[in-house]
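Heads up, the next two complexes both have chain A, just with different partners, chain B and then chain C.
This part shows the complex of A and B:
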């Protein structure tokens, strides 16, 4: 998927001609994500570059790029300050279109779920497993915390939620890293990434749409695991004041979206 | 196998005749006739008048189809009609015609109700030979980003309020742009003369988007447009650089903004499912600026765009025949008694038995 076509890195990351070009991790819709270093050669970062989009009118492109990089940086800082687990911001340049963030070691929820469901092939995946339900619950908690501080992500998918890899040494967690633990891939702290479409909002409508977007991502990416999303919502509903109202609003949004009347 | 397709879910009445020769051979289009009901400028097409239009034209078009092709009813395997989604009265008037024809020709147990959206997708795939594309379905009533998985066309993104075509149609009404041949077509032609980009709301939420706020915004600007570039009235709308805004500029700005939103959500879906092909279907899909923008996006991703022209993009009977015949080929049958219509019919409700599980 991530073919490195003719994309070039923005300055200053294009300066060192001696070192090889850093690896392209993924090509999203709007941005290219590289793993490189910043500030010190031993500080790994996720560099998010938003190249110019030739399909967009240049004025609109400049406006969107600037607004999105600034909004993303502001939201990330706010999350960090309020205790929501997100990558730290290390630098940004909206003229050149880049944002440098802390590198998160781990895998996406999408990969974790795919791995879990694959291992469980057979006719029916075990969706009752403690590990997988626990993970859904942790997602619910993190989303509740995010919404609780007045941030709406805007693009929640299972690719934009990560499970941070557990530290293998030091933390006394060695006992958890037993290779035969089949739910091992589901353990770890849930980290929200990619705040490229995030906005600051405390409106129930925005929060409900946020959840709705994730619900649909679940249904379309992991059709076998659609039922798991209920657990995310259950824990979400218990995790902050106002969550119940959002869940009621979600029902309205569903009527407008997924099952809405489609004329023509 | 030959199928007759009848489409009338909105203001187009379409009759199509398609043939599927042998296994693995491309379908042959025998006839693709269409007659459109145009509402007067400043208004939209209403169910009652549209249904009346369909009733008065359908016999003529079906007769013409047979005459033109020399096909006799005995050669036809099944009758396919649009089950939904769409406007109730026009859908029903065409369904009545489909039942009548089925009874007359002895095909009363071979009446196939087709999902309109699936018809668009299958016709697009047949014409362009795109094997497993992400589909952008854009029309007067629908805005969806779709990808196939596990025997369903799954909806990844869609408009949360009004459809893109509805936004364009109503914008045309606000500016009194004619409905003939199509409001969107006339906006497209006007936009070619536009230069100034007006700052408009941009509403993308993940793979979903919203158009009602943009529509309200541009409708509010309609009264303040300049008659031409030399209009010097003080109360006229101006850009940040102080240039006056003409109707052409507003058409241009609207297209640039809403199409950028559509391309963005399509690109996000492509990134999400890892697809390289994108297929545009539906009436708005004939817009060449949209096709061009999608092409630029696809090229930057190392992929390609597939689009069809107005014969297949705009509602037509052949697409209903195509999707119906595919279903017929897998053993789907329908009787006159079961031949209902429905205004609400989601794309992902249809079991796509004619495709492999993973594409």
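This part shows the complex of A and C:
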């Protein structure tokens, strides 16, 4: 990209003399994600900034930015209230276009699977390993919980699911196998991130599309691991009342793709 | 005996914040009257610590108040009253003072002063010594430990409309890794989750 990479942070994050300049972690179509600190120097956060879009009319730009920041923050707070594991919202300013979220220390599922497949599986995929299956099951539980409270993520990928790094190193209680899995980055709480496209919905269709998108993501980022997704669905199916209907709907979605036919 | 702390919030280093926590306060009525009378020497946020859950709870309110003050969008008189208001889940200023501000019966008091507050008169008084002389009580450390001790959790849950029952409910398999921890850990965890929801509610306020 020829575009200049001097991103300007929103105030007050641009004015700091003693806090180091926040590094850019990643960038999406709409937002920039920085790592910095908030409230105390020892509290890391993910700062999501939606910069002004000069190609939009200023009034429209302000309204869209506000609506999107608030939609994301509201869904995150709802999840947190209901006990779905997501980053906490620590602060927001919709006029400046930023959202401050808890920093999740750990790996994305994508990275965890990459590491696992490279190191332990090799060419002949043995996907019955306890660690991976356990991880897939935990993903199923978390997704069921998310859908169960009436939230649809809208952009489920292996990069928007994380495995939180375990704290309390060496408390001597974990078994050897758990220690091994920890090394592989498979053990730990599954955390859902990036609710930028999330909506509140209890429609089977929306839930099924959520699962379908993730299934496709699994297939494209980890073709050898496609079979693993069955375990996600198996556990999902057992985890809340409406799940079975959603799985049946998923079969329809697979046949026609993500978009409903608009013909006729 | 603590001297109170002077904090610098990340990104708001230009506005140092003095915080003092007092317990066994006997002259809360007097302090409240100074605020009501608009005594300029008492430009503080005086909070009743029973509705405060943690250090971050307070700092989130302070951050929001200073940030809103910089952006000229205070909803109340000044940055100090705004700190009290920022803690509230709704937009009723009088109610926020009843719930979070000092009352005649306040026993544990949190006094906050934003130094170099934007758009505010410069005070010559050093807050640490001024508070030391005007608050009758024992200054203790501004810490999570002390705030937890004075916090009235059922009342805080009620104010922020937190359903207390739901929290300890099944956390799915992710709870498995925590099953080895004892009750102390779980209590700390629950407090942390509560704080997270409260900060989210405060961040969304006014939207």
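Heads up, the rule we're going with is that the second predicted complex is superposed on the first by the 217 of 264 C-alpha atoms of A that agree within 3 Å, B and C clash if a C-alpha of one lies under 4 Å from a C-alpha of the other, contacts with A are read in each partner's own complex, and residues count from 1 in each chain.
By our rule, contacts are C-beta pairs under 8 Å (C-beta built on N, C-alpha and C of every residue); 3 or more make two chains touch, one makes a residue touch a chain.
Since this is a predicted model, take the numbers as computed values, not measurements.
Student: Chain A residues in contact: does chain B have more, or chain C?
Tutor: C
Student: Output check: A:82 vs chain B and chain C. Expected answer is one of first, second, both, neither. What do you get?
Tutor: The second partner, chain C, only.
Student: Looking at the overlay, does A:242 come into contact with chain B only (first), chain C only (second), both, or neither?
Tutor: In the superposition, A:242 touches no partner, neither chain B nor chain C.
Student: Kindly classify A:155 by the partners it touches after superposition: chain B alone (first), chain C alone (second), both, or neither?
Tutor: first
Student: May I ask you to decide whether A:197 touches chain B, chain C, both, or neither, giving the answer as first, second, both or neither?
Tutor: Once the two structures are laid over each other on A, A:197 reaches chain B alone.
Student: Taking the superposition on A as described, I'd like to know which of chain B and chain C A:227 touches: first, second, both or neither.
Tutor: After superposition on chain A, A:227 lies in contact with neither partner.
Student: Between chain B (first) and chain C (second), which, if any, makes contact with A:53: first, second, both or neither?
Tutor: After superposing on A, A:53 lies in contact with chain B but is clear of chain C.
Student: Contacts for A:23 in the overlay, against chain B (first) and chain C (second): which applies, first, second, both or neither?
Tutor: A:23 sits against neither chain B nor chain C.
Student: Please indicate which partner A:70 is in contact with in the superposed arrangement: first for chain B, second for chain C, both, or neither.
Tutor: second
Student: Under the stated contact criterion, what part of chain A meets chain C in this complex?
Tutor: For chain A paired with chain C, touching residues are 11-13, 15-19, 36-41, 43, 66, 70, 73-74, 76-77, 80-83, 85, 88-96, 100, 102, 134, 137-138, 141-142, 144-145, 166, 171, 173-174, 187-190, 239.
Student: Show me the residue ranges of chain A that touch chain B in the complex, using the header's touch definition.
Tutor: 1, 3, 5, 26-30, 53-57, 59-60, 63-64, 154-157, 159, 197, 209, 213, 216-217, 219-221, 223, 253, 256-264
Student: Quick check: in the complex, which residue numbers of chain B touch chain A?
Tutor: 9-10, 85-87, 116-117, 139-142, 147, 149-150, 154-156, 158, 160-161, 163, 165, 197, 199, 202, 204-208, 256-257, 260, 263-264, 267-268, 270-274, 292-294, 296-297, 300-302, 343-346
Student: Contact residues on chain C for chain A in the complex?
Tutor: Going by the criterion above, the answer is residues 8-14, 55-56, 59-60, 63-64, 67, 70-71, 73, 162-163, 166-167, 169, 171-174, 177, 180, 193, 195-197, 199-201, 203-204, 207.
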